Structures are given as structure tokens and as C-alpha cells.
Amino acid sequence: MQFDQLYQEIILEHYKRPHGRGLREPFGGEAHHVNPTCGDEVTIRVAVAGEKLADVSYEGMGCSISQASASVLHDLLTDQPVGEALKVHDAFVELMQGRGQVEPDEELLGDGVAFSGVARYPARVKCALLPWMAFKDAAVRAGVVVGPEVKA
Amino acid sequence: MTTLANPTTFDVAALRADFPILGREVNGHPLVYLDSANTSQKPRQVLEVMRAHHERHNGNVSRSVHTLGTEATLAYEGAREKVAAFVNAPSASEVVFGKNSTEAINLVAYAFSNASASAGGDPRFRLGPGDEIVVSEMEHHSNLVPWQLLCERTGATLRWFSLTEEGRLDESSLTELVNERTKLVSVVHMSNILGTINDPSRIVARAREVGALVMLDCSQSVPHLPVDVQALGVDFIAFTGHKMLGPTGIGVLWGRGELLEAMPPVFGGGSMIETVTMAGSTFAPAPARFEAGTPPIVEAVGLGAAIDYLSDLGMAAVQAHEQEITAYALDALSSVPTLQIFGPAVVEGRGGTISFALEGIHPHDVGQVLDDEGVEVRVGHHCARPVCVRYGVPATTRASFYVYTTTEEVDALVRGLERVRKVFG
Amino acid sequence: MTTLANPTTFDVAALRADFPILGREVNGHPLVYLDSANTSQKPRQVLEVMRAHHERHNGNVSRSVHTLGTEATLAYEGAREKVAAFVNAPSASEVVFGKNSTEAINLVAYAFSNASASAGGDPRFRLGPGDEIVVSEMEHHSNLVPWQLLCERTGATLRWFSLTEEGRLDESSLTELVNERTKLVSVVHMSNILGTINDPSRIVARAREVGALVMLDCSQSVPHLPVDVQALGVDFIAFTGHKMLGPTGIGVLWGRGELLEAMPPVFGGGSMIETVTMAGSTFAPAPARFEAGTPPIVEAVGLGAAIDYLSDLGMAAVQAHEQEITAYALDALSSVPTLQIFGPAVVEGRGGTISFALEGIHPHDVGQVLDDEGVEVRVGHHCARPVCVRYGVPATTRASFYVYTTTEEVDALVRGLERVRKVFG
Amino acid sequence: MQFDQLYQEIILEHYKRPHGRGLREPFGGEAHHVNPTCGDEVTIRVAVAGEKLADVSYEGMGCSISQASASVLHDLLTDQPVGEALKVHDAFVELMQGRGQVEPDEELLGDGVAFSGVARYPARVKCALLPWMAFKDAAVRAGVVVGPEVKA
């Protein structure tokens, strides 16, 4: 059923027991994003060490989808080489904007695959993307060079 | 149309047959539409009048001597008369059509800035540093942001009524807040998030003492209760067609005739002029002066049909029905564990719009589970973010009722909330 | 839908069956509707899409997570994409919906005044004494009065292109008229009174030289010929749904993305905000920033259906059909004694809108007699009074054509004019 | 037929051969009115002598209805006692705004009765009323005291 695909166990798990939550020092860039329709907020901090993202920390308040998405983002990107992290970012954004037509890459996206069902709910895509958009801004502020804007 | 002999009641089950959309399913369940404060559904009577207009009488208004143009003009101006009668305006020429409430409010705000910018502007509309505009913390963004922008443009100061814990206007500071510097007080008649119905009488009395104008945002009141602009004693009201069984694309500014006459034009264009030369133009009297360009013709006609429908039911009966549903819902919701209501907990002085929180569960998730059961509620800050801030929540879940709402639908909401608590408990 | 294999033509007789109103009678005669430049008739395909939206998918947009809200949002945003594709806009986010062309033009005018009033306003939109705005003597009041009012608000100067005897823009003074002081040139693409189609290419080139913005009033061109904003090279265009087979209550402002981003908000209210506090607000990116309040949802959906209908016909075919009718009508009208045409006498560089005078007979009387024959034409100054002044008449009679117009209808017009001359001769 | 009631012979006669046309001196008040939808214009001058309207002169440009109406106005009001003239004015306005439901008073309105048919054409009522509205303004400026505004 579509609804169960939206709220997959993995998402509810991340929501109830988020990984790596909390804003940590040191960091190279920070971004705060708001979803204007619902007031959900997230702050992301990115710490770069050499070629790697040494830490991606976050704080936020919002629905299960946006909070679980931040938790998954933390898992997927922390300790990753910068180039790899941006690839994951792009793959996640592509999945979310695919209206349910994009086949997710399990290798790349890990728990992020659980968000496939969200792509069928246009009103919720913004929730899932909120931390990822903030991450991108934070990464830029941390000095990471990224590709062209992706629109949510 | 479904009216009964008893003027204070009507047969809701029979009336529901007038609303085609209520027959549809959502996610395999019968639609339970509890989002009428956001936009209402439309009865077939309204859709049929609009279709007949398109198929028989479509022409542009006030510009043609031909038969179609004349018929369209009569239909459009007839709608204006219906609107005037519906809110007991002394004259149809006090009714200005625009596209929604938001435009109506902005129109008044820009009349203030245009009057302030020109030497000959009427003193009641002239604003500058030192002058004050008063709103409340209960406003919809549409009755807040236009005044913030106006204050930025003119240097005036925005002030506001705060709210009590119970979700009512705190009028304790009325005399200090509304003072000799106040040029305008603009407050909401019925809150779209708390359901609170404000009685503007003390505010109006105080405004009269200090010579300030009063605008009432009636977007939620005109659809749901009898509104009489003369009894209210205010200077302007705004409301919107899509929340009162009419189509989108049509809104109303009512203003006292002498004030409309004193207001400079805001939008320039066809139909609002008296005479035009390249070097300069003169302008038509109200309401034409404020209706530049081709107006929302079929939308006004649709609003007229919606008013006919509501008048046949009787606005007292509409309000009585909603009071009944609201009392039932307040009671039923109080049985849901961890549920907290924002706004008045009693049916007195409130309408059929109830915002609430389930402890620890985000409104988005509440709304999503309910939708899976076919129950359509709104979640978010409801374009009234300061109210959320006031009560310390980022967002709420809101159920809102109308003429077609039944107690069974409230039961479906309560059942849905049980499932929400199961999924996220 | 009535398309034929040949992409440059369609079967008008068959297409007429799509328009219910064309089956009605006026004063005992079959309706001959020659007033499409004023407002067009609507095919049942458009009416059916609107009705289906009301009966199945009605909800408010961009505010709900529920199914109805999501469906309504997809329909509304889908219409935005259709509009963008129709005028070849690079992105749907460059399409701003409002209630008509007039509002679209006023929106740009108020963006100029708001930018001028605030210290941080983008220099391209800042206006003051010494700056100039250029229009033409051919403008509809809706593309003239907003700029007159803007100049009054900011102290800028309004200047204009004059017209040649043949009804064309006199561009002989282009380099003097559009100069370093010019901030904006706003001219009509196709005149609603003369039928003239202006080629903006020299104006655009000159504006680029001096750093001025260019707006094109496409109210009459988008309905009748292929319009490509990228090929035109302009910065803004405005057009209106009701003249292109869509409903009233919907209009479009297209603007280049980077310009829309640089424009301050005009109307405040719901849906145009990023975050709101009592002390101040921040705003959403375009197009949302310019769509305060509940937009004309079903009207946008109707416009989308109208665009589908026109696209199925093919805009090249639409234009070809009107050229044929116009050539026929220019010829037929030239046979009427004492008839004088205002505007180009040849079909080249003009559209299917023909204004004329019968010597010594007032247009009101012409229109009235024609109406008695079921022939609906517009009479008056057509919201372009300076054009009338230019050609020394208080008013004209105007016949205008569209996809459903036939040569038989032109014949009925000519027969009607004979009767006019009999009654008033 | 409705149409023939609109363009009655009397109206066409007044239109083709208007009575008393031209602006004359002396006058006590003048008013210029424009119909904004069609650009029709009329100027009316009123000269009061004692209790009487010594002259009502006019100039204008417009359709048969507005021009004939000015001619009839001149006929009906010139040389009339002020009170009588205002009565005629009010009766004419009432007839025009009656949507064809008002029975005209032949005694009072004379040739004005020919305008009964116009009342069935809402778009043309303004044409017929144009000179009468201008007359009222001119009369006020000439010092005549009139009743409350009537809207066209």
C-alpha cells in the first residue's frame, strides 16, 4: 500500500531514535532552512577535514519525514569524501523529484532508499528535501564547491 | 435546494446531495472534508449558474451596447446587489469586487500609501512617521503583511493586540493601544486558526473617540454567520468567495461610501477612468474606480449564486448548524488522550474551526494518516504564524466545518486520530 | 476537438459546435459574435475541465498535505507549466498568475514604486525625477494609466511614441525617445483598436543600448498569434485568460527570472511569505512572492484547458485563419459607402480587429442596429481614448474575429451596416 | 417591436433636426458631462430669470439618443418655472431608471415620452440621461436648489 511505503519502518525508526542529532563544534559552514508552508526548521553544520566531511551535525523541529531525513543524511554523509557526499546528495534529490518514477541506487543511498515512497506525495517531498537543501548551503559555506542549484 | 419549514435548521443529509464532490472517495474511503476554512466545496447550483452564464450570456461588462454585453453586465451588477444585501450594505456601490480577501485588504493599504504620497490626499488616509496602525496577534498573514509593508512605505508604526491564554483578544490595553496617533485598526472578525469570534464593538467605540478608521477581516465570518456592516459600525470589511460556496478568483471589499469616494485609485486601467489623455487621466466614482480591467465576471455571478444558496438556508441556520457540530466536536476531541485544543474550549464566541495538537506528533504526520483515511484536515501554521509562536508550537492540525459537515464526519476524525496515535505512539 | 490533418488549417464549422453559446439567438437572429477582442467565447472543453475540477479536485493549493489539496496544487501548477510552454518561457517559475492583464501591468508598476521607495531597491527598478518611461499613443488604458500613476508617485516623466496616419507606431524618433534617462518602455504588441501588430525588435535593440527594460502588452497577441518571449527578447509580457478561450479572473505576468527575483513584493498576504513575525516578514521566491492570497485556481486550470485547445489547433493555424477572415472583411467593408477604416488597410502586420466609422452616424447607433440583427460588435473608445483623439473621432465601431469566425458572419455585418445607413441615412 | 420603440420617429426627428442647439449667453450655470464608456459629451447652460428658466442651451456630441434627449430637454425646460422644470427632470429620470416598468406622464413629459423604450436598454439609459444629469449640475451652479442626488 502506498501509505505504508511513505511511512516505512526505517523512517519511523530514524524519527523516533535519530542518529547524530545535535549541533557540534567545530564546523566550517552552517545553514538554517525553513519550510514556509508548515514552519518546519532545520539547521545543518558541515565540518570539512581535508577531502572528507568530518562531521555533519544538525538540529531541527518538524515532521517524521524531515527529521528522519536529517538523521539519514547524517549517517550517509558523515566521514564521506566530499565528492562522494555530493553524489549521494544528488541521487537523493533526484529520487525525491522523480514522482516515484526513479529507481533508487541502494548502494549509494542506503537507508535513504526508504524515502522512495515519499516521492509519490508531492506535498511531502519538501519535507524530505529540507535537510538536504540546508546541507548544500552549509557545504558551500564550508568551502565545498558544488554544481548548479537544484530546485525543491 | 434543501430548506425545511423550520427556519433555524436544514436537512444536512439532503443538502449534501447538492455537493458532487462529497460523493467521491479518497484513498478508498468516503471523502470526509474538514477543511472548509481553507476553501469550501461548491454546490451544483453554483456550478450550474456559472455554466449557464458561460453558455448563454458571456460578454464583457460595462463596455458594450450589445445584448450579450448587456446581459453580462446585468448579471455582474446583480451579483453586486446580492453581495450588498447579504451584508446589509446601504448601497451596492459600496461593494468593490477583486480576486480575493487579500487583494481587498491590500487595496485599502495602497489607498493609504497613495493618499500619503500626494499633497491633496484625504487626511484620514494620510500616514507618516508617528502615525500608528493597530492589528492583532490573531491575524491571518493577509491582514498583517499588507500593513507591515504599508508601515515600511510610509514610516508609520505597526502595533498589535496580544492574545489571552484562552485564545481571545486581550483588550486590556485598548485605550493605550488605540490612541490619538492611530489612523487605522484592522482586526480579524473570526480567527481562521483559533475559531475565536471577536466582538469589535469596544474597538469601534474607541476608534471613534480617537478618529481612527476600522477594518474587519471577515474572510471567516461572512461565510459562517450573519454579518451586518451597519450593525458592526466598521468602515471596511473584506471577504472571499471561495470560502462561502463560491468559486476562487472573487473577493469583496466593502467600504463606507464616503470613504471609498475619498480614496485615490490604486490600479490604473480600463473601466476605472472618467477620461484619459496621454498627459493625464481622471477617474470614475467608486466602485468602478477600484475595478481596473476586466473584472472576474463569471466568478461574481457564481458568488451571487452562492449567496442565494446561503440565503435560502438562512445564515442564522447555518450558524446554528455549525454551533451544534462544534459543540459535538469539542466534546469528542476532549476524549482523545494527549490532545490539546488551541483557542476557546467552549462553543460560545467561537466558530466551527478547531486547531489542536497531539503531544509529540507533528501535524504533518497527523494530517497524512488522516488523509489515508479520507479525512481532509489542514496542517501547518494556517497563514497565521504569530498565533503558533504565541502558543509555542510550530504548527497545528485544524478541522473546520461548514453547512455539509455531519457528526459522523467528526466521528471519523476521532477514529483517525486513534490510528495516528497508533502509528506514532 | 476539431483538428485536421493539415496543420495550418482547421474546420471552422466543426469547431463551432464546441462553443455552446454560438447556438443561441439574439433578437430573433442567430448570434454573430464579432467582439472577441473584448472577450472570447469558451469551448465546452474548457467548461468541462473547470466543472470536473470543481466536482472532483477542489481544494486550496500549496497549503495542504491532503489528497484534494495535492490534486488542486498539481492542477494549478500544471496550468503554470502549460502557460510557460505556450509562450516559450524558459521556466514555469517565470509565470505569475493574477486576475487579468491589467493587474499584471500594475504589479510591475508597483514593483517600480516600491523599489524606488526603499534604499536597497534594485537600480533597474528605481525611478525618480529625471527618469523616463516610454509608452505609445496606441496603448489600451491598462497599459497607460498605470504608468501615468507611477510617474505621479515617483516624479518620473511619461513619454510616448506617436502614430502614423496608417495606424502604425511612428518609430522615427526612437533614438531620441528611448535614451539614457529611459528606465522602461512598455508598448502594446497588437492594438486592440487598430489591429496593428507592432514588431518590437528595434525598440528592444535600442532599449538594450540604453539599459532600459521592455514590457510588451500581449493581451491581444497571445490569443491570436504564436508568441515566443525568448524570440521577442523583451523583459515582461502581460496577457489575460478571457480573451483566449479561457475564463475571466485569470491573467498572466511573465517576467525574466532574474528580474522577478530583483522585484520587491507588491501585495502582502498568505502564500507569498517565507517567515512571518509580528515585527516583520521575509518573502518567498517568485512566482509565489507575487501571488498573495488564494489564487484563481479553477481559473488557471481553465486557462490551461484553453491553451490545450489552442495548441491542438496550432497557433500558426489560428493566425492563418484570422488573416483569411481579415482579408475578406477588409475587402467587404471597403464596399460599404461612407465607411472609413482606422488602422492598417492591408492584412500585413495587422490582426483580425477592425475599427471603422460610418460618416455622420454615431457608433452607438451603429452598434444598436447591428445588435438588432444579432450582430455583436463593440462601440466606444475601446479603452484607448488617445487613439480616438489621434484620429479625430469620439468613438469607433469595432468588429473582431477569432477561431470561430466565418465569412458568413462578415457578410451579416455588411448587411447590418446597410440597414444602419437606411435607419440613419 | 422593442427596437422600433427605442428609435421612435420622434427621437430620430430630434436627432436629425435638434431644437435650440448651441451655447448661449447669458447663463447662470454651466456643466460639462462625459459618458466615460463611449466618450459622449454634453455641455448645458442654464439661465434663471426670477422664478423661471429663461434659457437652457446646450452643445454636445454623441449618439442619437443623447443628442435627441438634449433637444427634448431644451424644449421641455426652457421658459418653465423652476419647480416645474425640476418635476419634469425627476419624472424623466424615474422613467429612464424604471427598466420599462414605469408608465410615463404624457402631460409632464411631452416628447420625452418617446424615450420610454430606451429604459429597456440598460446600456443606453446613460445616453438618455447624460444631458439631464448635466442640466442638474448646471442648475445647481445657477443657484437653483434641488433635491438629493439621483444616480444614473
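Lettered A, B, C and D in written order, each chain numbered from 1.
As a working rule, a contact is a pair of C-beta atoms (placed from the backbone, for glycine too) under 8 Å apart; a residue touches a chain by one contact, two chains touch by 3 or more.
Labels paired with UniProt names: A, D = Iron-sulfur cluster assembly scaffold protein NifU; B, C = Cysteine desulfurase.
Computed from a predicted model, the values in this text were never measured in an experiment.
Chain pairs A-C and A-B differ in how many C-beta pairs they share in contact, with the greater number at A-B.
Chain B and chain D have CA centres that are 44 Å apart.
Centre to centre, using the average C-alpha position, chain A and chain B are separated by 38 Å. Chain centres here are Cα averages; for chain B and chain C they lie 30 Å apart.
Counting partner chains per residue, chain A shows two or more touched chains at residues 37, 39, 121, 124.
Counting only residues that touch two or more partner chains, chain C has 27, 63-65, 69, 273, 275, 364, 368, 379-380, 385.
Two chains count as a pair here when they touch; such pairs are A-B, A-C, B-C, B-D, C-D. Partner chain A is touched in their complex by these residues of chain B: 27, 362-365, 368-369, 372, 379-381, 385, 388, 394-395, 423-424. Residues 34, 36-37, 39, 121-124, 151 of chain D are the ones touching chain B in the complex.
The part of chain C that touches chain B in the complex is made up of residues 20-21, 24, 26-27, 31, 33, 35, 38-39, 41-42, 47, 51, 54-56, 58-60, 63-69, 98-103, 105-106, 109-110, 114, 117-118, 137, 140-142, 144-149, 152-153, 158, 160, 240, 242, 247-251, 265-273, 275-278, 280-281, 292-299, 364, 367-368, 370-371, 376-380, 383, 385-386, 389.
Listed in rising order, the residues of chain C touching chain A in the complex are 62-65, 69-70, 73-74, 93, 273-275, 284.
In the complex of the two chains, the chain D residues touching chain C come out as 2-3, 6-7, 12, 37-41, 61-66, 121, 124, 127.
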